[in-house]
Structures are given as C-alpha cells and as structure tokens.
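Pasting a structure here, questions to come.
Labels run A, B, C, D and E following the written order; every chain starts at residue 1.
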C-alpha cells in the first residue's frame, strides 16, 4: 500500500546566493488530491517548487517522492519519475508552432513511448490546441498559452503536477475554466500542488491548503478549514499567525 | 505642513497592459508613507515613474511644487530625492566606505572640482558618521561584495541617505533581511526621520515592518489606490483583505 | 628580466673568427612568402660559401630577425640586429619596413642590401643602402615601352594593391604612361590579402581598355587572373615580376596563360648560371624560388666579392664605398649570376626580361638590355 | 582556412585521393573546431564572461595561423575545384559553372539546415535551447548537448564553406581573418539569432560590398560595409531580422 | 610589500638602460609607450566597463598629429603633444556616444569599425598623411636644451611620461571620477539614482582613454621616427585589449604587466625561432583559461587566501 503522501518536504533549507528563503520547510502533499500553497510575498512558495524540481540546490533537509529521496536531482530525471512542473509566467516558445511546442513535452519520454498517440489524445482533450496546431504559439491568448503548457506537461502522464500561479494575467472567466480543468485532472488521478495569489478562489477549488510564512510551514489543513480561519487575513496584512 | 511630493493621475502602460492606472497622492514633509499591495499591483512601476527611471504615459509629478515629471534620475537625485531598489543594488567591487562616498559625491561641487579636489570629495567625516549610524564601522574597508546579505541591505539604505535627501523612496528595504537586522533597520529609519525630519515613502511586503514604521499607508491593487489611512485603518479594511486574498 | 638580459647576451656574444650577417625581414605576417624566399636565397649562398671555406677564411654566421611584416617590430628587430654588430644586413623586403629602419641603419653605418622595390627608397639618403632588384622607376619605363611599342595600346585598365609596394608602383606607372600618352581607363585599388575580386574585375571589364595591367602580390595576382578568366575578361594582361612569378602561375593555373610582362629576375631566365641556381635552391628547400630568392642569393655574393676580391679585409665603410659605381660580372664572381651594376646611390642595373606565360610556363620573349648600356 | 589545410595535408602529405582527404578533413574539422573548441575553450571560460574568451580566441587564431605557416608554409596553395571551371551562357549572360554550383550548394545546405532546424525534433530542441534555455531544461531537453550540436554544425558549415571558396580564393594561412570578419558582420547586420538573418545579412553585405567596389572609390570599399554595420547597430541593435531578446530586469 | 615591489621595479627601470644595448632600450621604450595606451584603455574598459576596439586608432591619430606637425609644420614637440592629446580626447568623446546606446559586442563592433575607418583615412588621404609612404624622419624633441636624440635619453623621456601619466591616472582613479567610472561599470541604474550623470562619465571615460592613446601616439612617432598606417590597424587594438585583460582589467598595474606580456614576452620567446609566436599564443590561451581575471586578478586572489 502506497503512502498517503506523494511528495514530502523534510526540513528543507534553500535560497539564492547569500539569501536564505526556506528555513527548514516541512510539509506533505496528499496523494490524488489538489493542494494549494498560500502565503504572503517572500514566504518561499515558488522557491519550494524550484527546490523540489531540482532547479535550486537544497542546502539541507530532504525531499521525498513516493518515499524515495529526490533531493537535488536534475529536472530531466524528475520528469522521468512522473513529476511535471508548470512555472509562473509565459513558458512557451512563441516562434514555434503550437504542435511543436506540445511535442517538447515528450522529449524526455522513455524509448518506445507512442508520442504521436499521446499528442492526439491530448489534442482531443483540448480542442483549441488541435484547431490552432499549426499556428505560431505566440498567436495564442494568455489562457490558451497556459493550457498549452499544462497540456505539454500531461504528455508524459505525470503523477504529480506542480503549478505556479496559473491564474496570473487571466480574466476571471478564464480562471474559472482553468480551475475546472485542474479539478478534472485531479479526478483523472493526478496529484496537484498549486501556488495561487487569489487564495480564496484557489482554496475553494482545492482539497487541502498549506500556509507558508517566512520560509516555514505555518498551517496545513483542509481547504475549507483554512478558508474559514480568521487569522489568514491577518497573516497577509502582518502580525503573523501567532498574533 | 509642506507638501514635498505631489503625484497627480500618473499612468504607465506597457504594450496593452496598464501597470499604473491613474494614481494621485501627496506626501507631506517628515511623513513616513507606506505603499503596500499584492504582487503585480504596480508599486515598483509607480516608483520608477516618479523617479524618472521610466517615462510615465501620462500624469504629473511635482517636487516642492516644481514639475519634475520625466526628469533624469541623476538630476532628480541632485534635487534631493534618493531611492533604494527592490533588489540589492550596491557596488560590490568598491569598499563600503567608497560606496557611501560615491552616494554623496555628486552633490559636492562641480564636475571639475570633483576631479581636482579632494579624493574623498570632503565626505570622509559624513561617511564615518553614516557607518557609525548603521553600525558598519568595522566593515568600512571591506569590499561591499563581501558583506552578508543583511549588511549589504543596510549599506544600500545608508547610501540613500548619504546626500541628506529631502525625500527618500525605499523599495522593500526589509526584503530578505533577518528579524534581528530588521529591528535594527526599522529603528535606524525612525531615528533618521526624527533627527533630520526626512520624508520617506516605503514600499514593503513585510506587513509587521511597514505597519510599525509608517504613519500612513496607501494600498495599491491593479494599478490603483484602493485604500489609504493609518496602519490600523488599513488593516481592518475589507477591501484590503479582499485585494490580498482574492474575491471568493 | 634576467631572462631578457641572458638572451640578449647570448645573441650578442660573437664567436671568434666568424663574420656576422643579419637578415632582418618578413618571416611571418602578410609578406612571409617574399621574405621567406629572400631568406632562403641568403641561406643558400651562406651555406655554399661556408662549404668552400668561408669568406677571408672566416665562416659566415647568419642570424635571422623576423619583422612579422610589422613596422614597429621591424624597427625593434633592426635595432637588435645592429646591436649584434653585423658586417652586412640583408632585408627588409617590405618597403615600409626599409623606411622605418632607415635612420638607425644609416646611423650604424652598416651596408644593407634591401629587398624593397619602392621607387623612393634609395633617394632617402642612406649611403649604405643597396638594392637587390630594380626599383620601380627602372622597371616601369621598360613595361610602358612594351605597352606602347609592342601592344600598341592606347588605354590601360590598372588594378593594383593598396600597400606601399603597389601604391608606389602605380604612381610610377602613371607617370611613365602619361609621358607616353597612354590613357588610364580604370584605376582599381585593392587590399592586400583580398580574396574576392569579382567586383574589381567587373570594373576592369567595363573600362574596355586596350590592355589590363595587374600589379599586386603573387597570390592576389593569381586570384585576379582566376576571376578575370571566370568573367571572360580578355586582356591582354600585362604586369611586372609578381604577375609572372612561378607562384602566380602555379596558383592561377591555366588562367595565367598569355600574360606578358617585365621580369627583373627569374629562375627561368635563359642563363645557365641562373638555371643552375634554381636547381640548387629547389634541391635545398624543396620549392621553386621566385625573384626574391635570387635577390637574397646574389646580394650575399656581391658582398663576398667586394670584401674578398676588392678589399681583402672586413671594412663596412669601404664595402659601401667600393660598391658604389661597381659592376660585377659572373666571370669575376659566378654567384652574381648576371652582370650587375650599382650606381652611386645604390640603385641596381642589370639586364631584364620580357616574358610570357605559355602553357603554365614562363617563357622569355626578349632580353632587355641594361639601362647603362 | 583550417579545413582547407586539413584537406591539403591529406592529399599532399599522405597522398590520399581528394575525396577521401576532404572527408577526413571534415572529420578533423568537426573534432577540432567543433568538439575540442567547445569543450576545451568555451566551456571552461564562458563563466568568466566574454572578454577572456575573446582574448583566448585571438590566441587560438594566432596559434592556428602560425602552425599552418610553420608546418605548411606561408605560401598560398592552389586547391582543387570540385567542379569544372567552364562557363555556360544562360539568358544571354555568361556564368561560370563554378559560381552556379556554389550557389546551388549554398541553397541546398541552407535548405537542409532549415529543414533540420524546423523539421526535426532535435532541430526544434536546438531552437528551444537557444531561445529559452531555462524552460528547455525544465522540459528535459538536454541543453548542453544541443549547444554542442550547434558547435558541430558550425564546424561542418565552415568545412563546406572552405570546400566552396578555397578553389577560388586559394588556401593561405591568413585567409581566415578577412572571411571570418565578413561572416561576423553579415550575422550582425542580419540579426544573430536567425538563420534567415544570416542569409539576408550575407546577401546584403555581398551586394553592398560589390556595388561599392564598382561605384565608390575602391580604396574606401572596406568602409561602406562597416558604416552600414554601425548604422544597423545603432538603429536596430538586434539586426535587421533579429528578435529583441527578452530581458528580465 | 606593494611599495617594495614598486620601488624595485622603479629602480630596475632606471638602471636597466645602463646594461642594455640599444635594442633592449628600444623595446623598453616601446613597452613604456604601449603601457600608456593600455592605461588609457584600462580606464575605458577596466574601470568604466566600456569595451573599445579603437585604441589603435587613437595611438595613430596622436602619432600622425605629432609626425605631421613636427616634420611638415616644423612645430616644436610640446604643442603637438598637447594637440595629440586634445584631438584624441575630442574624437574619443564623439566615439563615446554609441556607448550610450549599445553595449558589449555591439559596442565592440562599432569601435572596431571606427578603427578600420580611421586606418583607411590614414592610408588613403595622401595629402594629409602621405598615405602608404608614411612620414619619415620624425625628429626627437629636446628638453630644456637637452637633446633626446639618443635611444637612452629618449627612453628616460618615455619613462618620465609613463610616470606622469600613471600619477595622473592614479589621481583620477582615486578621485570621485574613478568611483563614478566603477559605478557606471557595475550598476549604471543605481549610479544614476545616486546622482551620477552616467552619460557624461561614460563619454569622459572614452575621451580620457582616447586622450592617453593620443599621448602614447605622440611618443610613438618620435620613438620609431617613422609613421605609416599599418601599425594602427585593428591588430594593435586587439593587442592592447589583450594587454589590459591579461594584466588584469580594472587593476591599476594591470596594463604595466599586460604590456610586459604583449611587448616583452614575444621578444624573450624569440629563441624558439619559428615557434615563438605559437608558444606565445599557447601561453595567452593558458593564462586566460586558468586566470581569466588576468595576472593581477590572480595575485589578488592568492593574497586574499
């Protein structure tokens, strides 16, 4: 029986140059659920993702995936393990076609994977990508670009998807659609870990919430419980959780 | 009270995206004004427009009643406006002392007199005082690049005060500074304000820090001012909480 | 620094009973080919003389100094050579390097056999300077006469290389053409080391001149001829020594056929001594020398002849003095290869040749007499 | 310059037939100018900024030039043409067969390169690695390897260029300097990050250069491409067809 | 320790000519002249961070001004010296304008193009420069009635100039201007916010660097006594760049060491005959591979350890 937690941070310390951002971060991500990470600026949310995906050296502590240590492993290997990462902002190659952008999702696939079939399957799911397959990716709208990024990640059929602020720059309607898509992915068995600015809306769509502050985990609970916690507002406006 | 800075209907857009959308406010003499707001609400862009680092698309900035919109940063600085940046911006290959003297030298004499005059531009004593004030004396002759992050941050802030500015705009002075250093920094800023009557505008994410430091706070969201008032007022304003946590 | 001094001492320390000679020339850089030929000519002569017991029973000791085809370096190397107190200096080949070193050679009062052909060199006032081949002011009238008398051309399209050699040659040619009422239809300047001559040849072609004059270094001559052939430029092509040199012919292959020109010195001259030299040279250095090889070789023998036969002692000043106005014949000194005269400023005079390239071989069409006869 | 001499060494020193020497010369070029240049020079030095690398490259150029001069001689060498050097008449104008075939080869090579870059996954991965290495790495693209490929392709192109121009320009130890400079100027004018840009830049440079040689004083011929370069850099630093590289502040 | 080394080096430079032949003295004079040009480039590149591949053009302008005026114009030396500096300063100021728009390799190419254009003018404008024939017989000046014609005397004259230029550069670097140059190099945006007029300082860095190139040229002409266009082509600019980077860009004594490597080292290596340039090239590559911050950068690191 697999553990209930898919991904686990254990006392992770990491940062940039002389600056330390994560001061011993520990939390676990429940399998098959959608978890949202919230916290004020500088809490270390994005840093935690980067550390997990091997883009930032972990100075001490461990990160476990499926109870196996993945601390400081290269992105390419983590993709092989079944982790996919959708960073903040625009991460497509604007001058290449949509189809070719999509293809990059399969670069790290093991030999013998039928990528063609998978691309077809993904395009079946996202009609807009099929419609615009031959267009330059730069012609996609912001929401479509984000969908392209997520679709690209799905190509390797990951077990865990890390999504950093997917709703930035999207209109409210698009954000709704995006969250619907994420819920659907979770139903399909993918564990989701997401960072969101728009904490309320994200928590309403999630199963669990994790609150970070100053590089440490402050609170972890069901999304509903966190939503109704009066201290959360205070956390964002100063004073911290203990106040 | 005198109004030091007047900002009227300032706008800045990049391509189609409006980053600052008609912001107006005043800063009174010896006031410490805080500006807060979620990521991407346009705080730093606002600073850059006020300081001439970016050309505003529209609007008007006045310093002591004088129009300074779009003036070059170096000229504005010589009028007594100094600033710090969100990310650390020191000169790593100069010593700590040289960093400080550099920050003041352009206010001394003419270009020519700076060449033929004293190498320290007559600022050694002032630099010494500043070192003492920010408790960096023991590091005066180190290369600034060798300091710890917190010490560099202190130096960064100290540089903004070398020329005895009339107005200082500080962009996230507390970012990345550890709690002990933070208390030190806040206390120093308060002291400068009290001793010299300098006027501050501070952008900050660290709420505890900003609430304790500032007399008045503006809240920016999506390029507009959505609330302002004392720290206590802002803290309990539902619009502010919504701006941070999102609408349901 | 100690290293520097040690090296200097090493280089300046002269062994007893040796006559020190210096070659200061272009061993690397743009003019390495010419300088290399000149150097090897000197080496061959020195080796031959040493094999036969040396000069005045003393071995010749040759030191090489590389100017890198760079005036600043040339000046330094010449100084270094002079510090070694050589009996005679050979080189440089690049006229500009001759000029940059003029003052110090003059001051040092060392006889110098230069390879440079720029017209003004011997007029600059160094009484110790001797040419090893014609200055352009001697060669050009001979070609101009040919153009007027044999080709009967009324107009000329000129392509030349814009360095001191090419520029000086062009200025000389312009002067003599004017004297003979031959019109300049095109005046195309090119760069040393240029590789693409398509546009230049277009310009020559559109000039529609009666003849095309090509004045450049060997490789560029070959490239120009190849391009001219490609574009169907018909010529006739006229030139000076470089255009007809072995190297040019080898590089331009069939494109060189039919080229006519004046050749001051050539191993293909119908003179047995010269032919024999060519064979010795090729045996020693595994390549066929151009005129620079002959220049270096004959210069060494001229020095030896005067020193041994005329002076009987090592005397720099007397060497220079004796050489002024002297004629050396192959009978007196086989190593001179051809009868040669130096006038009172060090300008050289000897027979020269009119040659044509036929089937990839330089053939002498006509022997042009010495000017002094 | 170097590939031409590799080939000459093959035919002269080892007496190989031309085609074999050409292939071996190509392999040597790939290994020395592609693989070794990247691994031995670029990789260790790039972290220290561009200047040391530039200086080291100047050193390398001196070394290669001098090595060729010392071991092969300062002379220019004739180089066998790949094709007959006859002329044909087309539409009333005379063309050299050689020029036409060079043009044809260029079109084929450029076409093949475009096809490779745009039409294969590896080619597109190379583009991705060039445009945004950070994202490419996240997708599991082996960025390092892609960069190595670009060096190898570069070496291969140099080899092809050498095969094409040396019969006309002759093999000489100083050939590399001028041609290299022109190639660089062409790339700058056209825009660095584009195959298209390099082609347009090269064409433009060739046309301007030749027009100047015909219509402007030929002693100032070299000046005009440089003036064009200055103008392009000051007005459109990214090159005529180049993209502005996105900068993060 | 630094002062000790400096005193030793100074003493050596003073007594060296006594034990050297004219060739050695000439090389040392050339070293002094090139060091002056490299000090100029070090100000522009090392301190102010603006890459320039046009320093040879300024050496050329200085050399031509001096050569032309002292031969054809029969001017005394000192006014031509001053004019050499002033004209380069002015041209350098103008060349600085592109630096306000573009940086790095783009700036390198603009300055490279400028160098080549200047070279073409030297070569083609015969009425002005005597073209490819060059200007010969450039006289050496006399000082207080004391002739500097001899190699040794002229060496001391070059050395005195080097000392003078070094002191001026030392003063400049320690002055507020020096700090402003470094500020422009390290972080122009922050410098601007501290009141540093980056535009003016950038132009100044170019102009002063160029002016020192001019002084170097004004000494080069009487040193070689012959001026023609070839030495002022791109090669010298690259060589000066090599001096600055190899010695340690942004270190005061970098150009001195760099010029030793670029001017003296090839001479020492000449015993290797045809291989000496290859050996030199390999040395340069090895130095750059292992000590990318130059010789003084290395010394700096070793001392700090």
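Keep this in mind: a contact is a pair of C-beta atoms (placed from the backbone, for glycine too) under 8 Å apart; a residue touches a chain by one contact, two chains touch by 3 or more.
Bear in mind the structure is a predicted one, so any value in this text is a computation, not a measurement.
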Labels of chains that are neighbours to chain B and to chain C: E
Greatest separation from chain A - chain, by CA centre: C
Pair sharing more residue contacts (C-beta pairs) when C-D is set against A-D: C-D
Centre distance in Å when chain C and chain E are each reduced to the mean of their C-alpha atoms: 35
Separation of chain A from chain E, taking each centre as the mean of its C-alpha atoms, in whole Å: 56
Whole-Å separation of chain centres (CA-atom averages), chain B against chain E: 42
Chain C: positions in contact with at least two other chains: 28, 162
Every chain pair in contact, whichever chains are involved: A-B, A-D, B-E, C-D, C-E, D-E
Touch list for chain B against partner chain A, complex: 38-40, 148-149, 152, 175-176, 205-211, 234-235, 240-241, 244-248
Residue ranges of chain D touching chain C (in the complex, touch as defined): 66, 69, 73-78, 85, 87, 94, 96, 98-99, 165, 168-170, 172, 174-175, 177-179, 209-214, 217-219, 221-222
In the complex, chain E residues that touch chain C: 12, 16, 19-24, 26-27, 30, 123-124, 131-134, 136-137, 151, 224-226, 228, 230-231, 235, 264, 267-268, 270-271, 273-274, 277
Complex contacts: residues of chain B adjacent to chain E: 51, 53, 72-74, 77-78, 82-83, 85, 89-94, 98, 101-103, 105-108, 111, 114-117, 119, 121, 159, 163
Residues of chain D touching chain E in the complex: 41, 44-45, 48-56, 58-63, 66-67, 70, 184-185, 188, 217, 219-220, 222-223, 226-227, 229-230, 233-234, 237
